[in-house]
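Following this line, the structures themselves.
Shared between the two complexes below is chain A, which pairs with chain B and chain C, respectively.
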Partner chain A sequence: MTFPKVSRLWFGLGLIVLLALPWLFRNPYYHLLGFNLWLLVVTASAWNMLSGYTGYKSLGHSAFFGLGAYLVAITAARYGWNPLWSAPVLGLGVGVIALLVGWVLLRADGSAFVIASIAVLLIFRLLALNLRGLTSGAPGLSQPLPPWSPQFSRMPFYYYMLGLAIITVGVSGFIRRTRFGLGLFAIRDDEGKAASVGVATNLYKVLAFGISAYFMGVAGGIWSYFQGHISPIFTFDILNDVDMVIASMLGGLGTLWGPVLGAFIIVPARDLILFRFGESQIHLAVFGVLMILIIVLLPNGIITTYRNRRRRRAGRTSAFAGARTAAEMTEAAQKADQSGPEKPVR
Partner chain B sequence: MLVQVLLTGVLTGGVYALMVSGLSLIFGVMRVINIAHGAFLVLGAYLSYWLFTLAGVDPILSILVIAPLFYLVGVGVQRGLISRVGGDAGFVVLLTIAVAVSLEGIMGALWQSTVRTVRTDYTSTVLSFTVGTMPLRVPLVRLGGFAASLLILAALYLVLTRTRLGRAIRATIQNPEAAQLVGVNIAKVKATTFGIGLATVAAGGAMFSLIFSFNAGSHVEWISKMLSIIVLGGLGSLPGALIAALLLGAVENLSAVVMTSYISPIVFYLILFLVLVFRPQGLLGTRLRKS
Partner chain C sequence: MSLLLETVDLHKSFGGITAVDGATIDVETGSITGLIGPNGSGKTTLFNLITGVFTPDAGDVFFAGKKVTAARADKLCHMGLARTFQITRLFWNRSVLENMMVPVPHVGLRSLFGPGMRSEEEGRAMALLERVGLDHLHDQPAKELSFGQQKLLELAAVLMSNPSLVLLDEPAGGVNPTMIGFIMELVRALHQEGVTFLIVEHNMPMVMELCDRVLVLDVGVRIADGTPAAIQSNPRVLDAYLGQ
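Here is the complex of A and B:
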């Protein structure tokens, strides 16, 4: 079951509003905010496809974000490839590399997987710092400016990322309905049992890793074009992963809309925190404390917690299930009263 | 030349051994990889830097102040945060990362991003002597750091082998359920272990402030180094971690000479990745599997 169930009408209306927003709010600052919002929707949803669905929590996933960013920046600077079409194409390359990395990495699980995935990110970062011929090292790479008028500079990026976000969430929702998606959930719940009933767990995990990395790579590529200049330290940054993890967990790990909801909360919150505390590094501490609070107080996220609460409330009145009219309800209540000991109220 | 490189490496490795002993102990007892260990290391270094610049306390003496302080912090963090997060090991790792990020923010705000180090009167003193025909040069701070680390590790060893608490800790490492059955208060052992773990890293941090330079962001690089050490040694195995610390201290010094020092950290990351994936039990240690 998808949650909440979105009808076509609402989807259409919502889309029109999202398309109109940049024209209603002309301030470029809002376009930046919107771009960042859709960017986090893409990366958090992509992260969730792997880590939410299979339970393998990767903290090095921005390795593929950074790889996409660098591939796009290098091909743009050397061969003049336009990032708008090269990002989704080069994303395939990122996906293939991710399949290879995932094939090795996914032999580890639990905490070992988390740590090994961080090691992957650090290795990529070190390579970006040291392969100077390709990446020009620590100072980073610049890209040509977009050809369109600077007046609109951010608007096309907003639409591009919005489109990518819709595709990513669509793919994420599609995966949930397939045998493949069921297999991923089975891996999360109990990998050993899943394998014993015939789920090709290794193949499924690696595929999920590759698909997830594809979207990370495309998002990274567009991000690098948007930035105009990228450097290893900020491109391969574990804080990017922290953002995705917080967004997914806050919304609801493993749900379809959780990462989206999380991104809608995190991006404005992050902006506010940066605005209030940005001049010192104390904003990092605020992020950290926020993350601690989410993990300790709301580990299941908003959507899952809400859903469980609703289900519990439904369970409490289960004696009335199926009763349509008041008379039937009374009858059911009387029956419940007569029949044996009271059920414990949860 | 080679002997000189290896000697310096092993001396550094002794300090590494102290730095990772707590990390290994915490994993052994709680099955928790404490990513915040690097941030606590740097915090310890900052505190001894502070004590040195503001009050003129020698970093090695400052251990007497900051180690007990860190013990209390450790007990608090374990009781207040870590013990509240049940279930998936991944969540606990995320929690310790959150702690690390918070600490980095606080340290960055307090001490800015300037790279600091403690410079005492004896910082640049170098002892030189000859073994046979080979002239060897040893910086005094590295020798002192090595000696102090060995002393603290010996004390830790005595606590673990000769006291009731040590027995309870070792029993919990071997089998938590069985330990609980024979009357070990697991919750208390876990909190105490976390405290001891942080106390050792505080001592490591004091030594660290003498030998290395650091800023708030350094913890990322150091936690990777420390993780690759305990992973290579075998998660949860203290002797394994100590051997791996000496080994990697030597390897690091060697690879900095063979390759450039820019790329040499890749040795650590590759060890971390390859060992976790292909031999999760490390040199000496138990397999790190969900069930």
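Here is the complex of A and C:
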């Protein structure tokens, strides 16, 4: 990928700021906020790679987040695998399982797909609750604490998740530029048409499902290490999906930066509401209202709405361009008529 | 001449309604074949059976000598069978040029994850767009084109898959006479370049002038087959159309 020089400069400056932030804001709360922010950037961007790019909106995608969390926690507790390296490796396993799940799941579409995806999440949760030998059931699993000093306890997580967020957004941006990405967008617009012009729609959808699930799995693995203790109810939680969906839709579904922008709004907003109203769970009601407002007022999200507006402002020239073609077309057709054979028989 | 496409005794019913009832048709390599028939005679259903949208209840489809009954639409496209739709179907939120790039064939994972816009393919796409007069609109979203421009784009885009046979489903439907003339010239020129056409169309002057052979379908069965002149005086055809 080649960046223009200016944007490379901004990218470098931005990265330096993001790397310096934990040292500027020493309060561990900010490290937690930053970690949660990058976590949502990762999960929302991963969700967007599937649901934003293909239009198949999964509401059970945190099944793979939870699967990653459990695989990492189990291997850490049993074999002492360090999650920092095991998460990206075990993520591959999550991706492979997702390919199999997706192969079945993606035969449904529309609302049937949404319902089926929720069912997958519930099945995974049931498995986590009932495979007690492996998962310890409802009480959950603990894993060893990180070896670094408690003083810095959250900083490495901040950096790890920042790195993962950069990689996820990078992959998401890479996909957009490939033939694969073009095929995904074609599927979103008209799947039957895409198949008729040669897009192997099933392969594309299942691959997108797997790639998306990989990042969900890695994020889940690191999250479980960060938590130290995980239990089925909070690990396989549909509210995780709600966060990803709201972040993506608010920012701009199917855009590269939409999920990032959405996460930057959602995470601080969530904390603010939690601060104000304590543990009343009122943030759930607020988020429900927010979701309705987004769907009614900003169905395309901030980025897409902004782009459309800018296009419309520049749109007058394009209308003229269209008119000119019509004239050119007529001219071309008249030329063709003169040189062509006699008029159609009636 | 060899047969490029052949259907043998195709049947398809939807519930109690029989849409195609034993259709046996063939298309010769290098021809422009017309497929006509009254509304509801099963023309579009036949297209859908040939292109893998529907699975036939019985019967077989052969393309380029291979049995392709109920083959997947994308595989048929890769074999060289392309189609347009009665109601134009495009990737509405994508640009004109991107609509051209989706049908470009690719082989293997490496090209799948290669760039979406390769310069040589982009050049070919721009040349085709120039031919249909849409090149200067290449970065406009498809949904912002006029109706006629959308029809032209759909036809130009399916050509990107290098088809040997193109099925056109009502290319002149709802199009002004000037544009019909333009589309006919385009089909003739592509035919000269070796593309075979099977055309469903209600515009009889167009069918009679463009096609070298016409098949007539009624209630899902082929009732006539011949040159345009022979079809125009065929009593069974007149009966099917006018109900005499």
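Note that in this section the second predicted complex is superposed on the first by the 309 of 346 C-alpha atoms of A that agree within 3 Å, B and C clash if a C-alpha of one lies under 4 Å from a C-alpha of the other, contacts with A are read in each partner's own complex, and residues count from 1 in each chain.
Quick note on the criterion: a residue touches a chain if its C-beta (ideal position, glycine included) is under 8 Å from a C-beta of that chain, and two chains touch if they have at least 3 such contacts.
Just so we're clear, the structure is a prediction, and the values are computed from it rather than from any experiment.
Engineer: A:108 contacts which: chain B (first), chain C (second), both, neither?
Structural biologist: first
Engineer: Going by the contact rule set out at the top, does A:177 touch chain B (first), chain C (second), both, or neither?
Structural biologist: So A:177 only meets chain C here.
Engineer: Per the contact definition in the header, classify A:287: touching chain B only (first), chain C only (second), both, or neither.
Structural biologist: In the superposed model, A:287 contacts chain B only, not chain C.
Engineer: Can A:197 be said to touch chain B (first), chain C (second), both, or neither?
Structural biologist: The answer is second: A:197 touches chain C but not chain B.
Engineer: Answer with first, second, both or neither: which of chain B and chain C does A:12 touch in the superposed model?
Structural biologist: Touch partners of A:12: none, neither chain B nor chain C.
Engineer: If we overlay the two complexes on their shared chain A, which of chain B and chain C does A:186 touch? Say first, second, both or neither.
Structural biologist: Only chain C is touched by A:186; chain B is not.
Engineer: Common interface residues of chain A with chain B and chain C?
Structural biologist: Common to the two interfaces on chain A: residues 192.
Engineer: Which stretch or stretches of chain C touch chain A in the complex?
Structural biologist: 51-53, 72-74, 77-78, 82-83, 85, 89-94, 98, 101-106, 111-116, 133-134, 136-137, 140, 144-146, 148-149, 157-158, 161, 178-179, 181-182, 184-185, 188, 205-206, 208-209
Engineer: What does chain A use to touch chain B in their complex?
Structural biologist: 55, 57, 59, 104-105, 107-116, 118-120, 122-123, 126-127, 129-130, 191-192, 238-239, 242, 245, 249, 280-289, 291-292, 295-296, 299
Engineer: Please name which positions on chain B make contact with chain A in the complex.
Structural biologist: 31-33, 81, 84-85, 87-95, 97-109, 113, 216, 220, 224, 227-228, 231, 262-263, 265-266, 269-270, 272-273, 276-278, 280, 288-291
Engineer: Per the contact definition, I'd like the list of chain A residues that touch chain C in the complex.
Structural biologist: Of all residues in chain A, those touching chain C are 176-183, 185-186, 188-190, 192-201, 318, 321-322, 324-326, 328-330, 332-334, 336-337, 340-341, 344-346.
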